[in-house]
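The two complexes that follow have chain A in common; it is paired with chain B in the first and with chain C in the second.
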Partner chain A sequence: MKHVVVIGGGVAGMEASAKLSEMGVAVSIVEKADKLGGKLNRWDRLFPNSRPASDLLAKLQSGMGKDIRKYVNAEVSSVRQSLKQFDIALSNGEDFKADAILISTGFDVFDAHRKEEYGYGIYDNVITSADLEKTFRKGETLKTASGKKPQRVGIIHCVGSRDEKAGNNYCSKVCCITAVKQAIEIKEQNPEAEVFCFYMDLRMYDRHFETIYKEAQVKHGIQFIRGRLSEAFENADGSVMLKAEDTLLGKPLKINVDMVVLMAGMVPSSGNRVKEQLNLTVAEDGFFNVADAHYESSGTNVPGVFVAGACTGPKTMENTINEARSAALAIKEYLR
Partner chain B sequence: MKIEGKKRLWQDYQKEIATDNYFYARSCIRQNFFPASEKTFLRVMREELNKDVYEDPRHTTCSGIVYHSDLVTMDTTMTVIARQFSLMTESGRKNYVPSCITSFGLYTEVLEMWEHFPELETKAREMLWKATGREFEKPENVAHASDIIYKFRNEIASRGKFRLVNHRTGQPLRGVEHIGCHYSKMFPHKGVGGAEYPYVLVGMIEAFGGEVVDYPERRHCCGFGFRQYVVKANRGFSISSSRKKFESMAPYKPDFILTNCPGCPYFLDRWQYAISEMEGVTYGENGYGIPVLTYEELAGLVLGYDPWDLGLQTHQVSVEPLLEKMGIPYNPATKYLGAQGQDLGRPEKPSVLKVY
Partner chain C sequence: MLVFDWFVLPFTLGLVYLVVTLLVKYFRWVKNLPVDEFAKVKKGVLSTKTFSAIREVFLESLLHRKIFKVNPLLGYMHTSLAFGWFLLILIGNWESRIFYHGHVSPPYVPIFFRFFNPHPVGFKLEAMFSFLMDLTLLVVLSGVTLAWLKRMRSRFFGMKKTTVLHMGDRFALASLWFIFPMRFLAESFTSGAYGGGHFLTANSGAFFAGFLPVESLVYPAWWAYSLALGTFFVALPMSRYMHIPTEIVLIFLRKYGVSEQSIFTSYTQVEINSCSRCGICIDPCQLASSANIRGVQSVYHLQSIRNCAVDNDKSLNCLMCGRCDNVCPVGIDIASIRKANRKQQAAQKENVYRYVPEGNAAKADVIFFAGCMTHLQPSVKKAMTGLLKHAGISYWFMDESGSVCCGRPLMLAGKEAQARELMANNKAKIVASGAKLFVTSCPICYKVFKEEYGLNIEVMHHSEYLLQLVESKKILVNRQDVKAVYHDPCELGRGAGIYAQPRQLLKSVVSLQPVSQDKENALCCGGSLANIKISNPERKMITADAVSVLTANNPDVLVTGCPMCKRTFAQASSVRVLDIAEVLSGALVLKQPTALIKVKNEERLAIQPVLIR
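Right, the complex of A and B next:
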């Protein structure tokens, strides 16, 4: 029986493992965290339909039968190609041979401290979209550092994305719709609150996105201001002064808000140590290259090594799952 | 505000600052604005810290003031800077210390350009050779004079006679700091503490016993901004920038403003008078305004130098309230006497801003 090692136990890794296993391939999945599910574990509700993240996670878990060997709290410490096989050693001391490898290491959330001028980690009331999602997931109400319900919230798009200074000129693709989703959720918690989204462009490219965006404006009165934040500063009362240019009005703008949510983008996973060991190439954005951008998006420059999910660039959950299935098929074909 | 967050950032922006063997280049304008600041820097370095600081009377402007007013090309600027370096080379010193923030920014910019485009360095060498027959070595270290005072802040504090502490209450005095734009906004790693939360002046205030107050418009322009003032028609921008800062800092009741650039203390000091005349508004306590200091003046006060030797009588906003809080004695009778005891005359009294 052919054996595939899946590196990364998030959405892509889980779905690909399930499909490979269904097709009669032996699968070992390696995850550095203490459980499978990756970033999905951190979400409360998902766009575009507000479905609970736990629901999708349960679906993915249902495919993770006992035939799949699962290694959590483990990382690949070395990988070596010998003829048509790979020798893989894990940080927990296990080692095995694989006929193919799937890399599904996903992404890291951009470290918002690096946008120093926005004050994350310095100002009391600046949080990231990931922090906000955690609050929602715990079922808590959004509160300021002093425990009050924020009456004005500023949501800042493109934090660490489309930003030469941050070294990331690509779009993270999902943060616009995440911002709209979270803005609506803030309004659902506190209909009196005013929410302002500062954006460069609204990338509402996928099905239903425009509908949600319209609902945010018409039903919830969320205000969208086309302008990039230049700086944020904390006022004496802990509120945050935001400076931006409203590029539609052509005017500089200064407003005070009680809280700021930074839409931190996606960056290549720092855990991709296999990259050097397998001589895999990455593009200028730091994400893995694929064998053929149109026709072979699961393959890499190394035969027998495949990729799926956000390790090849930002994408939605839906695209990730589709890619995982496509990678499973490509691997099955390769193993024939 | 989380100070730990700032401390974490400050660790990322520690720059190398030479500890001796300095070539000092003065600013074009500081001796007119704050006449004793540069002299005080030399006094502190030579007499207190026993450092070797060399000055060459042949040095010129760095050309920053005209470069930033679009009056000369980069080629001219590079050649002028090459000549400054040649004077340093001739003196045998290795570490270049400009007094001016704009100069510091420009030297840094030119050295970075030469690093990335070596052909420009070759060109600058050729131009200097053709024009003057001079050659030069690049400095091993370029640090602004405020970096040097920062470097030795603890030594200065330990030799000091006075602290930034209210001598009656024992409470730390509250200072706001304003960093010149060209210090680290272009090259954050060349400034102590980076560009967004610079530490260079904060470190001095803390070492001298004071407390730093951060305020919303801290990063806003002081009001100089070259074209805002140099182009006469733009001066409304200049005063409104300063006003914006005063309005923002006033609620925090600072005891003083500390600066490290030639233009900033000038505009933050003089515009307080202009605003008081235009709008009848003063900032600070009891109608006296908020005293503004250069970092050399502050170091001099801490070291117990006579305030009038530091040139503090040339400030528009009276510094006496700060001196009184620090417990520094001063003689009103000698305030307007020159170095040889001659009477310098009295400035006219403003109609709104109170002065001593």
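Right, the complex of A and C next:
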């Protein structure tokens, strides 16, 4: 029986493993965290329909049958290609041979400390979108550092994305809609709160996105301000003054908010040691190159090594799941 | 008795042309100096400054001491050519003077002495002189060989790049390369035919006589030598060799206190003509070494000004890091020339910033000015205000709720009129506050407040002030078990000469590790506001290289005194980057203990939350 090793046990890795296993391939899945599920463990509700992340996770888990060997708290420490096979060693001492490899290492959330001017880690009331999800997932209400309900919240788009200075020129694709989603969720928790989104332009490209955006404005009164944040000052009471340029009005603007949420973008997953060992190429954005952008998005420059999910660039959950299935098919075809 | 032969004409005419051209040029340049600068020259001429200028001419123009320091082989090349040639002329004059019993003869006589007196019978000192002349000629020839090698292979000199030549230079260079080999041949043939010479030319003469009709070659060889000299003299004013005489003028003017102004003056002409195009300024330029940006370095910039062919790239694609100023053996004030050039190119507009509100001043002893860059690094701002409060200083945070720019970025871009407008706004507030001390956490601001504002209160960089507060025990600190390296910001180090205070301050709290390139030789972080041409990927290459030099010994933290450097490094460094104020605030003793000896752990703000993310 042919054996496939899946590196990365998030959404893409889980779905691809399930499909490969269904097709009669032996699968081992390696995950560095203590459980499978990746970022789904951290998100609360998913756009576009507010479905709980745990619900989707349960669905993915149902496909992870006994046949699939699961290694958690483990990382690939070395990979070597020998003829048509790969020798793989894990950090837990385990090693095995594989006929193909699927890389589904996903992405890291941009480290917002790197945009120090926004005050993350320095000002008490500046958090990231990932922090906010965590709060929601725990079922807590959003509070300022001094324990009050924020009456005004500023949401900053494109933190660490589309930013040459941060070294990331690309758009992270999902943060605009996440901002709209989270803005609505903040309003649902506290309808009196005022929420301001500072955006460069809004990327409402997918099905239902425009509808949600419209709802955010009409139903929830969320204000969208076009202009990039230039600076954030902390006031003595811990509130934050945001300075930006409203590029639609052509005026500089100052506004005080109780809390700031930074829409941290997606960056290529760090610690991807397999990259060098397999001589895989990445594009200038740091994400893996695919064999053919239109026709072979699961292949790489190395035969037998496949990719799926956000390790080839920012994408939504449903795109990730579709890619996982398509990678499973491509692998099955390759193993024939 | 007049010795003469037609072949001396090319040399003599060339020399006359050269001397007249130079005198006219130099006279004009000195006369056209700005009034104040000219007054300095008049005052200086009759002072001891003249003597020290003569001394420097000897050390630099002849011995090339500074080039020796930077690159001994290159130094030897320059010295052997310049000083060797000088000795040839000096000894030749001496010889002919003694020989002709002190008769003053035309300048060509000592030069062509051996032609007129191949083997002077009965001249008692002949042996000594011909030995000295041979020795000096040998030294000069070794210099010519090295110059030739340098053209062929600059790596031989440990230099990555040598300069690119232009037409006028090629002409002069070719004739210069000809001069000494021709002299060597002329003297050898003469000795081969008529005897005379010493260890070099006597032997080579005998050697050539073995297979060449040396007697009939003597005359053409002396013609060729004279022609080479004449050509060189005529080409010199149009070539880079103009630097040889001009550097002497430069040394005198500089000694008299003449300096670059904010616009081009005739002193600028003297400076750019003093550039020997040695190319020493290319190697330290990180634009070249890290980002592979060529053709914009100072040697090319000066050359383009001289040829009236400055393009935007040459004047604007520069970090103004000062690393080239630091090594230029001629001591050309490269940075000021570049600034003046930028000013010349930029539109000067009045009343651009009329909309900026005047703002109010608060009374205080000390002003703290963060500047826009510190505002982008809130952790620095927080550390500074924390330290000032801790020390109980009565201070006014001048730009707490948004700053009016200090003016330096506009200055660096050449927009001086616009900059002055902002500066007037800031200055009014500083004066109104009645403060006695102005402290800023930004070296870029520091430089302009200190040098251009004309404030009559003291201006300090925060590292200087914090050191004072630590030394006067207004701030009590605990030593931390942390290995740190310090990065000298360009504007603070080479720009303002502040190297010691930040180091001393750091040594009081952490253990400071050495860095291979520091102080005057420190690298630029790559973030410089002065370069508006460079692309972000190019900046990144510079930053990455600087970070790897700084963190070569795996320090725990990389410390700097500039929010701009901090911001730039933070994007590229895996080692934590901190401002000096943050390090200090992390090492702060919170409550002032009665005895300084022991401080309990809970009484201090641990450094850990600051150092480790």
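FYI, the second predicted complex is superposed on the first by the 336 of 336 C-alpha atoms of A that agree within 3 Å, B and C clash if a C-alpha of one lies under 4 Å from a C-alpha of the other, contacts with A are read in each partner's own complex, and residues count from 1 in each chain.
Following the convention adopted for this analysis, a contact is a pair of C-beta atoms (placed from the backbone, for glycine too) under 8 Å apart; a residue touches a chain by one contact, two chains touch by 3 or more.
These numbers were taken from a predicted model, which means no experiment stands behind them.
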| item | value |
| --- | --- |
| Joint occupancy of chain A by chain B and chain C, clash or fit | clash |
| Contacts of A:Lys165 with chain B and chain C, given as first, second, both or neither | second |
| First (chain B), second (chain C), both or neither touched by A:Gly121 | both |
| Of chain B and chain C, the chain that contacts the larger number of chain A residues | C |
| Partner chain in contact with A:Glu234 - chain B first, chain C second, else both or neither | both |
| Selected from 20-28, 164-172, 182-190 or 272-280: the stretch of chain C that, after superposition, runs into chain B | 272-280 |
| Intersection of the chain A residues that touch chain B with those that touch chain C | 113, 116-117, 119, 121-123, 231, 233-234, 241 |
| Complex contacts: residues of chain B adjacent to chain A | 1-2, 5-6, 8-9, 194-197, 214, 216-219, 251-252 |
| Interfacial residue positions of chain A with respect to chain C in the complex | 113-114, 116-117, 119, 121-123, 164-167, 231-234, 241, 243 |
| Touching residues (chain side chain C, partner chain A) in the complex | 375-379, 382, 401-402, 536, 540, 567, 570-571, 613 |
| Chain B partner contacts - residues on chain A that touch it in the complex | 113, 116-117, 119, 121-124, 231, 233-236, 241 |
